[in-house]
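Two complexes, one shared chain (chain A), two partners (chain B, chain C).
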Partner chain A sequence: MSVNTVTAGMRAVGRETPRFRITPRFRGRELTLLVIVAIALVAGSVSLGATRLFEAAQLAETAPPTDILVLASPGLVLVYIAALFAVHGALVLAGRRTDQILLPTMGLLGGIGLLFMIRLPQDLAGRLGGLAQTQLLWLVIGLTIVAVMGVVVRNDVWLRRYKYTWAAAGVGLLLATFVFGHDINGARLSLTIGPFSGQPSELLKVILVVFLAGYLSENRPLLVDESTNLGPIRLPPLPYLAPMVVMWAIALAIVIVQRDLGAALLFFAVFLLLLYVSTARFSFVVIGLVAFVLGAGLLYFVFDHVRVRVDIWVDPFADPTGAGFQVVQALHAFARGGLIGTGLGAGLPNIAGRPPIPALHTDFPFAGLGEELGLVGILAVLGLYLVLVERGLRIASAAQDEFRAILAAGLSLVIGVQAFIIAAGNLKLIPLTGITLPFVSYGGSSLLANSLIVGLLIALSERTREPLPPPRRPGRLRRLFDRGAA
Partner chain B sequence: MAGHERAGGSRPPSRFSPGARPAAHARPVSGMSPSWAGRRIGIGAALGRVSLVLALAFGSLALGAGYWQVIESANLSNSGDDAAVIAAARNVLRGEIVDRDGVRLAWNKRDKNDEPYRVYASDSLAGVIGYSTRQFGASGLENAWNAQLSGVVSADPLRELTRKFRADPSDPESVRTTLVLQLQEAAAVALGRNRGSVVMLDPRTGEILAMVSTPTYDVNAVANPDTSAATFKKLQKDKRSPLLPRATQGLYVPGSAFKIVTSMAALGSGAITPSTTYADQPAAERKGWLIDGFRVRDGHHPQTGSKALDYREAVEASCNIYFAETGVRTGSEALTQYADRLGFDAALPFDLPTAVSQITNGGGQLPGGFKDRVELANAAYGQAEVLVTPLQMALVAATIANDGTLMRPHLVLETTGKGGTTNVGRSAIGQVVSPGIAQEIAAAMRLAVNGDIGRIFTSGAALRSMVVAGKSGTAELDPGTSPHSWFIGFAPYDNPQVAIAVLVERSGGGDVKASPIAGELLRAWRTWAAH
Partner chain C sequence: MDAAVLAIWVLRIIFLALLYGFLWMVVRALVRDLRSAAREPTTELGRLVVTASPSGEPEAGASFALDAITSLGRDVNNSIVVEDEFVSATHAALTYRGRAWYVEDLGSTNGTFVNGSQIDGLSPLAFGDEIQIGQVKLRLERARA
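== the complex of A and B ==
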C-alpha cells in the first residue's frame, strides 16, 4: 500500500480548508524516544514485579522464585504506553511540524509517577478507587488534552484577545476558592463544583501565565523604556509597577486566606521571571525580591503556620517525631536511597502497614523516588524537567511574536519552578510548601493543568512561516520514501 | 549571531531570537519608535539568563540530593529515627515473660499488618509487668527490661537492623520472673474492688512473689493496637488512677505498721530494751501523753488496764503512747539512720522505679529534719509526715523475717537468649539490726497476730496451718475520712519464707480489711509452696 492512498484517505476524513491540508508527517524523533520510554517503563514494571515476588516469597518463607520476568500491574502500564503511542499517532496524522521532545519527556515523567503509584499502598489517597488506577485515568485524560491541543490549536487569538477575560476568570476562581473552598491539611486548596472537585490553583497558574503574556507583550515597550528618576537613582516607571504590586498582593492573599504557600511562591516567582524575560530590567527583579523578603518577613511574624514551616525548615530534627516528622522522614528516605537506590518497591519501610511519610503520593514523591531510584534516579528526573524547560524556552525564543514568546516561556517556567519548589522543599533547601511534583504527583488537577501546558507548548512550537506551507508540499515521510526509491 | 542562525537550521528567523536583534539594533525597523528599538534588549538574551538561573537552581538540587544521599546517608539511615530502624524494631518479636514456674505471663500475637503486639496472661499483672505498646511506649517490667526483651541493646545492633530490617538480626531474650501467677491473681481477687496493693516476697532472697496494684485494668486492651488509644485515654481519665503502680509508686501514711521501724531503731540503738516500760504510760492512755504542749492520744486498748506495758506487750496492743515515748527517747538521729538502712529517703534498688519513702518532710531543727519532738513522737507510731510505699513496708517485714538482713528486692530470676541463660543473683543490701533484735521484734509481731490482745486487732491474719507474725496499721488521715488499712508480716514464724505487705486505701482499721486479706494470701502461698 502506498503512502499516497493513506494520505488520500486522511484527506477524505480530515476537515479540509483551502489553507490547511492535513498531511501525516512522520515524527521519527518522537517515535524513537517513545520506544525508549516504553522500554524504560516496562523495565521498571519488571523490576517492581520481581521485588514483589521476592517479598512475597520471603513472607511465605518459601524458596525465592526463579521466573522473575513478571510485570507489576501490566495492564496499567501497557494501557499507559498505548495511550502515549496513540497521542503520537494523532500528532503524526495532524501533520504539523511541532516539537517532538515534549511528549516523550512528559510521558516518561508520567510513567515514573504511575509506577510509583502502583508501588504505593492503593488506599493511600483514602478513596475507593485504587491510587494507580485513578492516576492512570487522569494521565490518559491529560494525554488526550495534549493530543487535542497538539492537533487542533492552530491560532492563539482566543488566548491573546481575551486576556482580561482570562484574568477575571482567574480572580473569580480564586474568590470562589476563598468562599466555597474546603480545607486540606489546614490549607484551603480544594474547590468542589457538583461532582467535580479540584485544586483551582493548578488551573490558575496557567491562566496567570496567559494573562501575563498578554499584559507584558502589550506593555513591554513602556516597561522597558520609561523610568522614574528619583534624584540620581533611575527606577522603573512607577505606574507600571502597579501589576507587580497587585501580584504581590495576590500572592500574599493566597498565603493568608488559602494558606497555600507553594502556589503563592510559584506565582510570584513565575511573575518575576516573566517580568525579567519581557523587560530584561534587572531592577524589576531586585524590587520584586525586596518585596518578597518584606512580605515573607511580615508573614513569618504574623502567621503561625508560616512560622511553623520556617522553624521546621531551620531545624526539623528539633522535633523529629512531631512537627518535623515528614521532613525528617523525607531526608531519611533520601539517605536510605543512597547513590543507586533500593529499587522500586524495596524501599519506604512500612510502619503499621503505612509508608513512613503520609503525603508520599502528593508532596513527597521526590523523596520516595530518591529512596527507590537513588541519587542517579532523581538526577535523571531533574534532568527530564530541565529538558522540558529547555524545550519550552527554545519554543519561546523561536516564537513568531512577543505574546507567544512570553507565553511559551511562562508555561515552561511554571513547570520548572514548580518542580524546583517541591524538590527543594523535600531536600530541605527551602521551607517545605505543599505543591505537586509535575506529572509525578498523584492528583487530577495537577496532571490536567500540566498536560494543558505541554499541549499548549506543542501547539505553540509549530515551526511554520506565514503563509503556511503550500498544500502540495510532500511530507517528510514521503520525501524519505522518494529518496529511497531514487 | 550569524552562527546561531545557522545552528537553528530550517527554523524560520524569529523577530525575537538573538539572531534577529543586531539587525534591529543597527537599523530601526520602520514603524517602531527609534528610541526603544535602539535600546531594546531582545527576549532571547533574557531567556538565556533565566535558563541559566534555572539551571543553577537545579544544580543546587543535585548538590542537595548528593549531600543527603551520599554524605549524610550513613548517619541518617543508622539513626534511631530512621523508618527502617523503627519498622525493624516494631517487627522484633519481644521475648516472652514467664513466672517462676514457667507459666507464660506475656507473649506476642500478630495484627492485620503482620506486626507483633503484646498479649498478657492476667490483668493482675498490670501494676508490675506493665505493658508494651507501639503508641504509648512501655511501663513496668516491660519498660525496665526493654533492652533484653526487645534484643535491641546498643548502637551496633541498630546498624545491623538497618542493613537487613526484614530479617531478624536482634536477639530478644525471654525473661523468667520471680512472680507466681496464681498468687498475683489471688491478690487481685482478694483486693477486689478496693484500691490498694499487695507485695509478697521471699525474705531470704528478695524475690518478689506477688506485686499487685488495684484497680487493675485491661492490659491486653492497652497493648492491642486496635484498642490501645481509646483504652489509654479512658484509663488516663479514670479518677481511681488505675495506671498508678501503687506498690512502687503509691505513698501512704503507714500508721501502726511503722512501729516495726521505730522498734528497730529503738532496740538497735539501745535506746530501749525489751523490758523497758514507761511509768506514765497507763495514765496517759486516758488523758493523753503531754509532750512540749501537745497531747499524744491513745485509747485503742482498754484491755491492758493500768499495767505499764513492756516492749512486746506494747507491740501486741499497738500502744501509741509507748511508741511515742520510745521515739522521743530514741531520738530523730537514730530513727533516721535505721530508716535509711531500710531504704527510706532514697529510691529503692529495684527493677522498677520507686517513689521515695520518708519519715519526715525535712527541713526541721532536729537531726534528720524533724520539726520538733512532737512530730518525732507522732512519726514514731506512723503518723505525722511519714509516707511509705507498700514495697518499702514489705521490705521492713522481710528484714525482720530474715534475721535483720535486708535483701535487694528483685523481679527477675533469669534471662534466656541465643547466647544462653543468664542468672540474676540475689544480693544483700545490708544488716539493719542484729539477728537477736530481729528475733525479739519477730516475737512481738507473733504476739500481735496470735496473742490474746493482738488477736483483737489482727485476727484475720492468723492461720491454723502455720504461725504468722505481723503488725497491722490504721493510718489516720483527715478527720472524718476513712483510714488506710495496713498489714505487714511474715510466715511461717519458725522458718520465714514469705513476707507480705497489704494496703487497702481508705477502708478502715487494719483489722477490718488488710489483715484478713493477708491471712487469705498467706494461705494461698502455703498451698502454692506445698507443690
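== the complex of A and C ==
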C-alpha cells in the first residue's frame, strides 16, 4: 500500500514536470490529402515529360522513343513534394489541433504553378538558374513560413494590440516604394533594398486586413447601431467610420498613384466585404458600390492608363497586335484549350522562341493553364481557391472572438478575391489588372505574402480553449485508471 | 507512334482526374465537418465566461450559454445567480437586440462596470468585453460553433 502511493506520487510528479511537453498529434486527413497531391504532381510531371520527349522526336522527325514515361525536371518536383511532407511533419510534431485542409490545398496550387514554370522557357525570369528553380526556392521559403507560423504562433495579441502601428508601417512601406522604388511597365511597384527586391503592396494586403479586423472588432457595436441622420436619410455612423476610411483611403490613393490598379481593386473589395461581414448592414455595401461606380468613372476620365485598360476590355480586337495583344492571345489560348486542354507542355505555340503572351508567368498563368488543362482543369483550380475561402470562413465562424473571426474571414477573402480579379481579367470578364494568381504566379513577394496568410489561418484555426466542462474524456479516464493500477 | 499518342492522352486524363480526386476528398471532408458542426446545438447567441469570482459561486472558469435576455444577481430567480456580497439581488441584465449585445444596470447598489469603467443605463457590449459586478468578473464570448 505505502509502496503503491509512493510510486503513484512519483509518477504524478514525473507527469507534472514537463508541463509544456508537446505531444505529437497525428494528422490523418492532411496526410491522405498530401499523398494525393504528391501522386497528382508526379502524374503531371510525367505527362509533361512525355509530351516534351514526343514533340522533340516529332521535331527531329525520328521515331518517338519507346520509353517516354519520364518525369520532367524530377529534382524540382521531388524537392517540392519533400518540402510539403516536411511541413506536415513539423505540424504533426507541434501537436496542435489546427486545420488540416489548408496545407494540401495550397500545396496543390503551388505544385500546379511549379509544373507550369517548369514548362515555360526557363530564361523568362529569375536569377537562380532559371524560372522554375527560382519559383521552387520561393515556394520552399513560403512553406517554411507556413510551418513556422503553424508551430509558433499561439496567440494574436501582437496583431490585435498594435493595429495602428501595423497600419502606419504598411503606409510607410508604400510611401518608401513611391519615393525609392523603380518602374516596371509604367507602374512603380518594386522596392529594392540591398540584394532584395519586392512588391510591398502584396504585404500591405495582409497588414490592411489586420488593421481592419482590429478596428472593426473594436467598434462593431457602434457601427451596427449608431447612424448619422441626414434629413430623412439614415447614413452609416460617419464619425466611427472616419479613422478606418482615412487609413484605407491613404492606402488606396497611393496605390492609384502608383498605378497598381489590381491592388486598388483588391483593397476596395476586401474593405467592403469585411465591413459587411462584421456588421451585416447591407446599406454599407450599397453605399460602397455607388462610391465604386463614381470613383471608377472619375478614374476613367482622369487617368490615361485606366482608360487604356477599359478600352482594351471593351474591344481588344480594335488593336490586336498592339494594345490588345495580350488579351487577344489569352482569349485564343482559352479557345485552343477547349474542354480538356492540349495537355501540359503541348500548348502555347512559341513565336520566335517566345510564348505569345509576354507576362505569361506573372499575369496570365490562368490563360496558360486554360490552354493546357482546358475548361476542366481551370474549373478544378477555381475549386481549389473556393476550398481555401470555405476553410477561412469556417475558421472565422468557429473563432472565439470578433478579432479572430474578422481576421480569418478577411485573410481568406483576400486570396479568393485576388484569384477572382486576375482570373476574370484573363477571361476578359472585367478589365485586366496586373495582379498575381495566388500560389500559381511566378514571384517571390506574392508567394511569401500568401504563405503568410495560410500560415496565419492555420495558426488561428486552433481551438484555443478546451471545451469547458470535460467530464468524461476517455483519455483522461484511462490515465486515472493507469494511475490507480500503478 | 499511336501507342505514344495514346499514352500521352491517358496521362493527361489521369492528371486531370487526380485534380478532381483531390477536390472530391476535400469536399467530402468539408461536408463531414459542416454536418458535425450542424449536429451540435448552436442556438446560443453568446457565452459568458467567469474570469474571476472570489466567493466561488459561480466558479471561476465556468461558462454560461446565453439566451436573448439574461439577468444577473444574487436572487435565485436570476438566469445566472451570483453569490457575492457586493452584488445586488437583481443587479444587471444582458440583452441581445437584433445584432448586438447590451448590458444594463438594474439599479444595483455597487454598480456595473464594462472594461473597468462604470456604466449608467444601457451600454453596448462587444465580444471579448469584460463585465464586473461586485467582485465577479465575466467575459462575453462568441457562441461555440
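By definition in this document, the second predicted complex is superposed on the first by the 428 of 486 C-alpha atoms of A that agree within 3 Å, B and C clash if a C-alpha of one lies under 4 Å from a C-alpha of the other, contacts with A are read in each partner's own complex, and residues count from 1 in each chain.
The rule is simple: contacts are C-beta pairs under 8 Å (C-beta built on N, C-alpha and C of every residue); 3 or more make two chains touch, one makes a residue touch a chain.
Remember, it's a predicted structure, so these values are computed and weren't measured experimentally.
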> Which holds for A:D225: it touches chain B only (first), chain C only (second), both, or neither?
Replying inline: both
>> Is A:T51 touching anything from chain B or chain C once the two structures are fitted on A? First, second, both or neither.
In response: second
>> Touch test for A:E390: chain B only (first), chain C only (second), both, or neither?
In response: both
> Looking at the overlay, what does A:F271 touch: chain B (first), chain C (second), both, or neither?
Replying inline: neither
> Looking at the overlay, what does A:A399 touch: chain B (first), chain C (second), both, or neither?
Replying inline: both
> If you stack the two complexes on chain A, which partner ends up touching A:L382: first (chain B), second (chain C), both, or neither?
Replying inline: first
>> Touch test for A:F211: chain B only (first), chain C only (second), both, or neither?
In response: neither
>> Once chain A of both complexes is superposed, is A:Q329 in touch with chain B (first), chain C (second), both, or neither?
In response: first
>> Just to be sure I read the superposition right, which of the two partners does A:G343 touch: chain B = first, chain C = second, or both, or neither?
In response: second
> Same chain A residues contacting chain B and chain C, which ones?
Replying inline: 221, 224-225, 279-280, 374, 390, 397-402, 405
>> Quick check: in the complex, which residue numbers of chain A touch chain B?
In response: 58-59, 221, 224-225, 273, 276-280, 320-321, 328-329, 331-339, 348-353, 356, 370, 374-375, 378-379, 382, 385-386, 389-390, 393, 396-402, 405-406, 409, 413, 416-417, 420, 423-424, 427-429, 463-465
> Which residues of chain A touch chain C in their complex?
Replying inline: 29, 32-33, 36-37, 39-40, 43-44, 46-47, 50-51, 54, 63-64, 68-69, 100-101, 104-105, 108, 217-218, 220-222, 224-225, 279-280, 340-341, 343-344, 373-374, 376-377, 380-381, 383-384, 387, 390-391, 394, 397-403, 405, 467-468
>> Using the touch definition from the top, list the residues of chain B that touch chain A in their complex.
In response: 8, 10-12, 14-18, 33, 35-36, 39-47, 49-51, 53-55, 57-58, 60-62, 64-66, 68-70, 72-77, 79, 81-84, 86-88, 90, 112-115, 134, 165-166, 225
>> Applying the document's contact rule, which stretches of chain C touch chain A when the two form their complex?
In response: 1, 4-5, 7-9, 11-16, 18-23, 25-27, 29-30, 33-34, 37, 49, 61-63, 98-101, 124-128, 141-142, 144-145
